[in-house]
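Order as written gives the chain letters A, B, C and D; numbering starts at 1 within each chain.
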Amino acid sequence: MGAYIVKRLLISIPVIFGISLITFIMLNVIPGDPIALMMKEHISTDVVERVRAQMHLDDPAYVRFFRFVWDALHGDFGTSYKLNRSVTTLLLDAFPNTLALAMSGALVSWIIGIPAGVLSAVKKRSFLDNSIMGFSLLGVSIPVFWAGLLFQYIFSMVLGILPVSGFSGPEYLIMPAIVLGWSSAGTIARLTRSSLLEVMRNDYIRTARAKGNLEIKVILNHALKNSMLPVVTVMALQVAGLLSGAVITESVFGIPGIGRIAVNAIQSRDMPLLQGAVMFTTVLVILGNLVADILYSLIDPRIKYD
Amino acid sequence: MNLARNLMLKKEVIEASDELVKETFWQDVFRSLKKDRMAITGGIVILLFVLMAIFAPWIAPHDPYEVNLDNQFQKPGLEHWLGTDMFGRDVLSRIIYGSQISLLIGLVPSMITMSIGIVLGIVAGYFGRRTDFVIMTISDMVLSFPSLLLAMVVMYTLGASLLNIFIALSIVGWAGTARVVRAQTLSLKNKEFVEAARAVGVKPYIIMLRHILPNCIPQLLVLFTLEIPGSILSEASLSFLGVGAQPPASSWGLMVSNGKEFLFNAPWVAIAPGIAILVIVLAFNFLGDGLRDALDPYLKQ
Amino acid sequence: MDKPLMQVRNVKKYFPVDKGLFGKKTGTVHAVDDISFDVYEKETLAIVGESGCGKSTLGRTLIRLLDATEGTAHFEGRDIFSLSQNELRQLRKEMQIIFQDPFASLNPRMKVSDIIAEPLITHESLGKKEREDRVAELMELVGLRKAYGSRYPHMFSGGQRQRIGIARALALHPKFIVCDEPVSALDVSIQSQIINLLQKLQEQNNLTYLFISHDLSVVRYFSDRIGVMFLGKMMELGPTEEVYRQPLHPYTKFLIAAAPVPDPRSRNQEKLILEGDIPSPLRPPSGCRFHTRCPYVQDICKSKEPEIQQFDGRSVACHFPLV
Amino acid sequence: MREDNTILEINNLKTYFYTDKGVVPAVDDVSIKVKKGQIVGIVGESGCGKSMTSLSIMQLIAPPGKIAGGEIRFDQKNLVGISKQEMRSIRGNEISMIFQEPMTSLNPVYPVGKQVAETLLLHNANMTKAEAKRKVIEMFAMVGIPEPEKRYSVYPHQLSGGLRQRVMIAMALICRSKLLIADEPTTALDVTIEAQILKLMKNLQAEIDTSIIMITHNLGIVAEMCDYVYVMYAGKIMEQADVFDLFDNPKHPYTEGLLKSIPRRDVHQNKSKGLYSIEGMVPNMLQLPRGCRFHPRCEYAVDACREVEPQLVDMGNDHLVRCIKYNQ
């Protein structure tokens, strides 16, 4: 098992390198002179000169890229020119909040999504099935930011039982987690249901019935584990989705997470901060994919560990 | 090498009824779609929105851009069915005009995404080895970016404009389609009718066009109807974060964003456009689900 | 039997098996391992064997659907393995293939007339009318009504689809056709219809068949000569009747005896049953590949690979042929 | 009910499929009898309804299929309409089934031993897991699986087709079922492995004295294994007889045609004459021909064949045939 994880980690290093290359190109090379972009904010010339010197912008692009990678490896993502603080510390402060939000969103989606999907597959074409699927479809279709506003309006402004925004206690996490979790729970529930129904068509399910199993045992003992394979794969892809959702939810609910930092960095044209935020989240996504990969190989014996 | 898999026996009942299927692929799909109420409602709603977008100038009760400060924040009523916003503009008219941008932003990037994804997916799947490795590694990297963040970075670099939104949403979307099409191509490539074409000496690009692509259509149809709502939602999110459509364009996402400060005393300003987004996205999802069920037998082929 | 249409010499086809994360090669499957034989004009040479013996791989390699790892195959004097892409494309007119699975061998999105016309479109510049006539003629030839041309494959039964596949293979008037288990997936009554059709077409168009099958009864009826393969090696080759009456290789003897016979009286005869499982092509046994299942195995069989011995018109690869 | 050793009696079974394109009479008024210790063959081509008959016995017909009529008497009990709970206690215990595709009939994510033990534990509530494991290993040895202890915890993808079918047979006979239904058990196997499996089934049948319904399209297997044979075509039984009687003098044109059109590996057949073959195709079940269902493909068809559906007529010593020639 260990060897498998080590191998997977080794593979993600070139991927991370690739991502940093893409990010670097998009932020430094394509826009031409990053300082020109910053100038849009009418910054005083001395600040501009300081940043130009600090970022050695006169060196050729590839030199700057390898310096960026070298510094990144030492945990130094440059300094945010707007807040004049090290990008790394800013991100590390914000990371726990995003993690809390993303994890609670993920939990909401798994704890509600999977059982709901199984239930509606078991009770196919029943009222329960239709309502679960309707609710999931709503979750998938609803714009996350709009749902946030709606929740704020109903639960904070009208009912006043939950804080509108901010992040100084668990109760601040309830609405954002639900809003974020609802859409991914919808995806997971729909996928679990269709995957389970698909698996039920296999020959070994017919064998399980021919043994004299109760239908519910056929579903839970034989079909469920097989149906989890595609669900786990989607969970990996969902990590990226959750982080996208987090970006919005953090803005709506004013949660000081990495997403919020990224949005502010864009609005204030703070390139080093944005670059750091993007790198940070993509590494999170890769780790998420790794976890899902390992989960997948735990379920499916056909995948060897060697 | 393969065992004597006597396919005829396993599909006894299917074989019996299969023989009398006289419909072509499209007739069969349309017949099952017609029976699916949800898909039909979805289709009708989409049609309404398209008509609304086309005939917006004639339908909209007021001029969406006419600022009239002394009737700010009017409650939804007879005069303004959905009330007015902070500049006294009629919310309903702005939503009607907004449908033009939102539908455009739903369709155009999806088309770009699908075409890039199809070409790269088929090429990667059919040729395999190095081309496959390169294309798939890039797509894995693109998929590692949270899509919204990547779109934001693109908007940051290129600046906010309608064209740039198309580019941003396409850069994000192609990887997903490419992976699906590649998987489909890999399974089709080993099918005997492709081997037969190669045995006849048909050139690879013709094999891709005549044999591989048409058999991906069922999968692509489903993907397309689910890609459109995806990009509508993405654009709305971008606009909400102030990185998408810029004024005076009245994209629904922007309207929600402008209305969020006045949520307490004028909730309709932010909530009404959100409902429009929800309805059109739901409609596409209804249609997409209906299509997937109707195409199910063909998806597994 | 006049001069050989095709001379196959030491053909090998290996597949790398890449397991592990980095996809590094961790083994090779010797699907076809040093096979040599001749194919004579207008004959039906059957290649029989169980799964994993490499018969389908051999068939596909000989018409270059797969590229051989080693060896040569001279077709009318020219080695097809060393032909350039263009030369190969010209050669396609001479060699064709018929497949086993009626459901997978026809493009479901194409009309039947287009499927049959594809070879004509690819190789000959015919007018539309002329091409339609040729397609109609081909459909009549294989016993299908012209009117079916505008239909799609899913509207046909297995037997009819196999006829469409045959019509496609005949479109360019080939000399040599690889039939890869053409009747295995069909019902008994349909099977005999297709066998008769193949036979009629062979006589009318002087076709040469490489008939790949695992059905020893169909092969006895239909083939002139038979080659028995096991795990990539040719165990025995010779005229069909002689091989069935007096098999030289133990595997041939047991393989022929294995299929149950449709005559209840033979049910209580002592059954010749080969024990053990088919070894995996990834780790073939040492020496003679059949030694793990051979009831007459000796020590030499385990260590030394048997030389191919020739008897007049017959060959066998066994240290102790059943002479 | 006369007390003889009939273990299973199916009378006028009708299993119809109510598809959106019409009703498919997959099994149309079929009557079959199986005696204790007897191997009964149901032979026919695809779409003839033989598999649907077996699935009806096990009550495993999924919608849109339904048992529309007739009775299935097993051990004097009519299975059609009994409680789900009672049927479950019979499935896998008193009647068990093996299927055609050993590759896909086992659950890929569970060890094979555990899957066989499950059948045992389902029908023996007070049996401990360890005891069940012991019995399974014993059964694995009995069905000829080498190193049974090691193979207990192996996953299906690590076994060959032949070994997987042996696991399926072990699973079917672990509770010493009275009736084993084998639906094309060796069709997907190589011929040398098929010979092993057929021999194994014969030995086990003798040892456990179970009755077997052998469903196949292969008349060679019928000749070798079965005592009594039913020939099915388009959902109906066309002929039924003792195996020697059927092969010696087949009466129905379809049976006769089938026997004549099979190539033989044990005898030289002159190629120049061509193989006898029954023309035409299996009829489509939604537009069945009027009168005798075989008449469009029958050499001896006369006008009467197109009007009236002949009945199964007993020609003596249990040889029944459904053909106008014998209906006068």
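General observations
In this text, contacts are C-beta pairs under 8 Å (C-beta built on N, C-alpha and C of every residue); 3 or more make two chains touch, one makes a residue touch a chain.
Just so we're clear, the structure is a prediction, and the values are computed from it rather than from any experiment.
More C-beta pairs in contact connect the chains of A-B than those of the other pair, out of A-B and A-D. A simple rule picks the central chain: find each chain's mean C-alpha point, then take the one closest to the mean of all protein C-alpha atoms, which gives B.
Chain centres here are Cα averages; for subunit A and subunit B they lie 21 Å apart. Remark: subunit A and subunit C have CA centroids separated by 53 Å (rounded to whole angstrom).
Distance between chain centres (mean CA atoms), subunit B to subunit C: 47 Å.
The multi-chain contact residues of subunit D, meaning those touching 2 or more other chains, are 45-46, 101, 161, 190, 217, 281-282.
Across the assembly, subunit C contributes residues 51, 157-158, 187, 214-215 that each touch 2 or more other chains.
Residues of subunit A in contact with at least two other chains: none.
Residue ranges on subunit A touching subunit D, taken from their complex, read 202-204, 206-214, 221-222, 225-226, 299-302. Within the complex formed with subunit D, the residues of subunit C that make contact are 50-51, 157-160, 187-193, 195-196, 199-200, 214-222, 241, 244, 254-256, 258-267, 271, 273-275, 277-278. Interface residues of subunit B, counted against subunit C in their complex, comprise 1-8, 15, 18-19, 21-22, 24-25, 191-193, 195-202, 206, 210-211, 214-215, 217, 298, 301.
Listing the residues of subunit C that touch subunit B in their complex gives 31, 51-57, 60, 63, 65, 88-89, 92, 95-97, 99-110, 118-119, 122-123, 152, 154-158, 165, 168, 172, 181, 184-187, 214-215.
Every residue of subunit D that touches subunit A in the complex is listed here, in rising order: 58, 60, 88-93, 96-97, 99, 101, 104-110, 118-119, 122-123, 155, 157, 168, 171.
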